[in-house]
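Chain lettering (A, B, C and D) follows the sequence in which the chains are written, and residue indices restart at 1 in each chain.
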């Protein structure tokens, strides 16, 4: 045990200065902490978050100097809280890039609230902005926005009357299912099947067969990347011939990469944006920079987190040097990001637009089929 | 067989085995000539099995030396000793329960496939009861068949030293006779046979020499003819 | 105890150094990590009771942790119960679950214990993830912090103090649970189950108590956790928590409470130390964990044990406790037993009067040990009756027979790891002076303060007899007590058995060596192939032609 | 409806065959050293990733890429198995079994996070075994892929069966697993057979990973669930029994496909674990009993 003491001490004393200080200007650097899940079942989304944040933080606007450090929040609230506590104590950040994992956000929000440090996230879990902690800023439309877009597109554009909903037994899946059900009800449509799917499940044919047996006329997916690709592929293989409107996982280029273009024919997905689909030169520049830096394709989570961190940096450039000042700036300003324009609805929801992207069967880059702007009536 | 004279014998020189500080065996000095059966008698716990373990290598020798012919094998690993002439049929037989008769013999036989098949056939010829059970798994054999298999497994590599530990345990009298006949046959074929037994009468009937162990020590080492009917021998045995 | 264990001093020094380190760092983060260490330490102290002391690889401790967390969260959130009451419920509910599963699970063999507990844990995880009540995968949030009156304990020093006070209390509670010779009894139940049964130790209450205690501590840790961070999600019932607790227990040293604390202090901060490696830190954690287990296969506590051996127990000054037991006659009548197709015993009857020694002889496989197993209750006869002092035994469980006055010695006695001679002898004794008296009778009193591991095979046999005598039996049955003894030892043993008989005990001795039994026994019973071949005085049996034939063979008899 | 049922049955067989490969490797190590290799699920995942990587090295548009990389996956994973034996088992031969358990947990962490960091967290698709196509059998469309998966898994299972039952090496391996000391005393090099068991187990895990990776994709987080399935299959089948473990694996696959299709995944999973508990309540020795380690 005695030998462990130095280890223990070392553990608590690893200096925050380990991160590279990227002094870009003469001004005293501000710190930002990037706390996202880069291991575990949300590692894919968390890595996109990290990459988006890093891309923004590496090139701060003129006159702003920023240091940052990345830490993993893994899969439990406990680890996220520890990481946040460490960041607050050791890094004194003006803002935190916070995990996409809603459960972790629920645990972190009260602590960040007490410290007055804004949490900038792309988590879709509706509840994180409903608890009165005015430090949570969400740069991705909540489920209350994207699920509305998904349901409306399925019902109003594709004419689904008897959809089957397949959702993951994770926070992402369950929250999405809840909002899908709500919107479908408002649209007067009742799902013929709602099937919960554990992430450890390999074969989705049983669920697809149940959908067929229930007489479904379309599939609404709320699954993570791998299972989404599997559902699309197995539905194609079974020859179900049903239209598919998937959750945001489907728009991720990593998901499309798992499928052949013909399997993607007619598959649509909701998302906040689709960086690889945009012709806008600013978005294209982002996409190229992302590819060059990370050798992978950016998705809407990366872009949302990028926009969020850019807005934080804009606040700093505008003279906000304290967490409180940055928080106030985020809460009070409108910001023109790459994916959309962001403005708080008063509770920290910054993104209010959703898009539906679809694949036409010729490639793995989707086209934006429909934009749902200001779904929640904000702006 | 004619090669008897060229075979290696077994020699133990002041061998001691200790476990957790207690001396279980020895010091024991003993030699077994090729072509002879030496019967090891003594009560349970007298050290008969420990003696065999020491020779096989499954018990560490704390002191003393063991020779196989001209080679000292005291430090050899177990499998090395097995491959160079020590065959062992342990107390309780310890067959591999999931293996068939043929498989059991195969894993213990040396040489290439043809050579092994030849040896297995020879062994099944020598133990006809096993021939009809060739493809039966070991745990389904009767006690006598299991014992025959254990002996066959011990000798299929044609070892120069054969150790038989309580081979007659739990067997019907007629089967016991077969086991002892087999032990004698091994010696007649040139092996040095060490036979630990409780069935004194049958052991004496096939042994050239008899040794008595008591509390880990050798208390008597006589030719069989001298021992049989000798009251001192009887005393040593009953008192052991 | 003769003063504090030096190992405890090492632990205390380490704890003081750890506290110093935390004070020196002083920030909320350091306090939080230290608090987390304490929370996992509590769960692991509990786990040590089942995993270490009962020797069962339970995979449910993580689930019990989760049940505690959810119980307290639900009660405080939906019923508005004050958090301290929630914590109480977080202790009670998992304790009840632990007790409820203790018996059905503990009768399973090792890997099946692991699977059954894993199955329960998976069901708990499934429920937590999919029930509305538990908030689904998102879990429950906004769980109020612990509060004393208006003062909230949200983190920092108050929470640290609370958690580590509880760690201390849990260590004391676990120590109390293992005091008074219970540690030795649990160890005997774990490592020497047959001996335990014949010494009258009942495994059922031990399992109930230890499983319940493990559940209580697991739940307490879960409750503290949930009120500390304000949310609970299914990840608390997940396999990762279980693996963490298991790793802490093994790295800390199986069975040791302080080891669990040390293991938590090593493993919980480790990812934090490695944080600078970003994504690779968990792989690095794996490397360190591997190194730790390879360097210390028996854990930190085992490693310390090698350097600071446990102090021997205090040996009572006087060992003059009078035996309380009166001699009782033992009789078996018509015992039959078959194993599969083999008839082991075929109608065996004989009696051992109080105050006499009866020798039971026969070739290997003749059924001697089976007779002893039936008398002591390790096996059940197919037919026949066993009476001790007139009381029928055959229907009673093995551990009841000790209380009725039966003692049994084994040919190859089992002893648990790490005990001292006196502790091993006292495992089923009324008190230690009785055990010391028993040691004196077998000539081991002088070695009472030595570790059992230091004894030789012959001495272990005597120790086995001593722990049997320490139960103050009215009849003893011994399996080859003289095997492997020297001539001097045999005559001492012979004298001892004679003295026991003279004190009124019924003594039944199985042996091979005629020279041992002939002068000692009042009567000899000779078994052959499961039947009584001959019975009578030693001289008569020795001259019996059937016995001579069986022993020396026809050739020698002729 | 009959078509759907037939389709599901084929899926159950395909999944069961692959799970059986997973369980087979798991049970081999248990048989050889009596210890649980907790890293086994991660080795399956690693095998899938090795297959993905190896396929990248092949020129595009080969007819049977999966079958071509299979030998490479087997070889690489066998080497990994030897490494696992060398670092997580050999130093702990004399240590308590729980030490091996923890050591393999550590190896699992290293593999899992090494892969996440090394090649990224995203799901991957392994190479198809053969060309994609549908074989029509009595109105039921059977994907070539699936048939090839079943055929490959079956071939490997029977190869292992052949190796264990029909070759001298396999017999020696079984003998060493049943009584190591006695095996040495008849001249069997037991340490070698143990090392080979680990290599074989990892190679089977790798093959399973390759088969899963095309049919069901592979992500670095797959290991845990696969490990649980192997564990459950092994215990249902009777600890240490090769064919029992394979049957247990099929039982799990049946729950995951047929039961899930007629009820739901949640019900299927709950029923599986309740069933396991019920089996243990009635038969504390597992469904098919336990023989390994018992003496004749």
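Operating definition for what follows: a residue touches a chain if its C-beta (ideal position, glycine included) is under 8 Å from a C-beta of that chain, and two chains touch if they have at least 3 such contacts.
In UniProt terms the chains read A = Ethanolamine utilization protein EutJ; B = ABC transporter ATP-binding protein; C = Metal-dependent hydrolase; D = Branched-chain amino acid ABC transporter permease.
Values in this document were obtained by computation on a predicted structure and should not be read as measured data.
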- Ranking A-D and A-C by C-beta pairs in contact puts on top A-C
- Item | Whole-Å separation of chain centres (CA-atom averages), chain C against chain D | 36
- Task: Could you put a whole-Å number on the gap between the CA centroids of chain A and chain C?
- Result: 52
- Note on the structure: Chain-centre distance (mean CA atoms) for chain A and chain B, in whole Å, is 74
- Task: Could you check chain A for residues that touch two or more other chains and list them?
- Result: 38-39, 169, 196, 198
- Message: Please output the residue numbers of chain B that touch at least 2 other chains, ranges allowed.
- Response: none
- Residue numbers in chain C touching 2 or more other chains? 130, 279, 281-282
- Any two chains that touch count here, so list every such pair. A-C, A-D, B-C, B-D, C-D
- Message: Show me the residue ranges of chain C that touch chain B in the complex, using the header's touch definition.
- Response: 363-365, 453-459, 480, 483-487, 512-515, 551-556
- What part of chain D is in contact with chain C in the complex they form? 87-88, 91-92, 94-96, 98-99, 101-103, 105-110, 112-114, 116-117, 224, 228, 231-232, 235, 239, 266, 269-270, 273-274, 276-277, 280-281, 284-286
- Task: Mind listing the chain B positions that touch chain C in their complex?
- Result: 19-24, 43-46, 166, 169-170, 198-202, 204-205, 215-216, 228-229, 234, 237-240
- Item | Touching residues (chain side chain C, partner chain D) in the complex | 57, 104, 107-109, 111-112, 114-116, 118-120, 122-123, 126, 130, 239, 243, 246-247, 250-251, 254, 279-283, 285-287, 289-290, 293-294, 297-298
- Note on the structure: Seen from chain D, its contact residues with chain A in the complex are 1, 4, 7-8, 11, 15, 113, 116, 120-125, 141, 143, 212, 215-217, 219-221, 224-225, 228, 256-258, 260-261, 264-266, 269
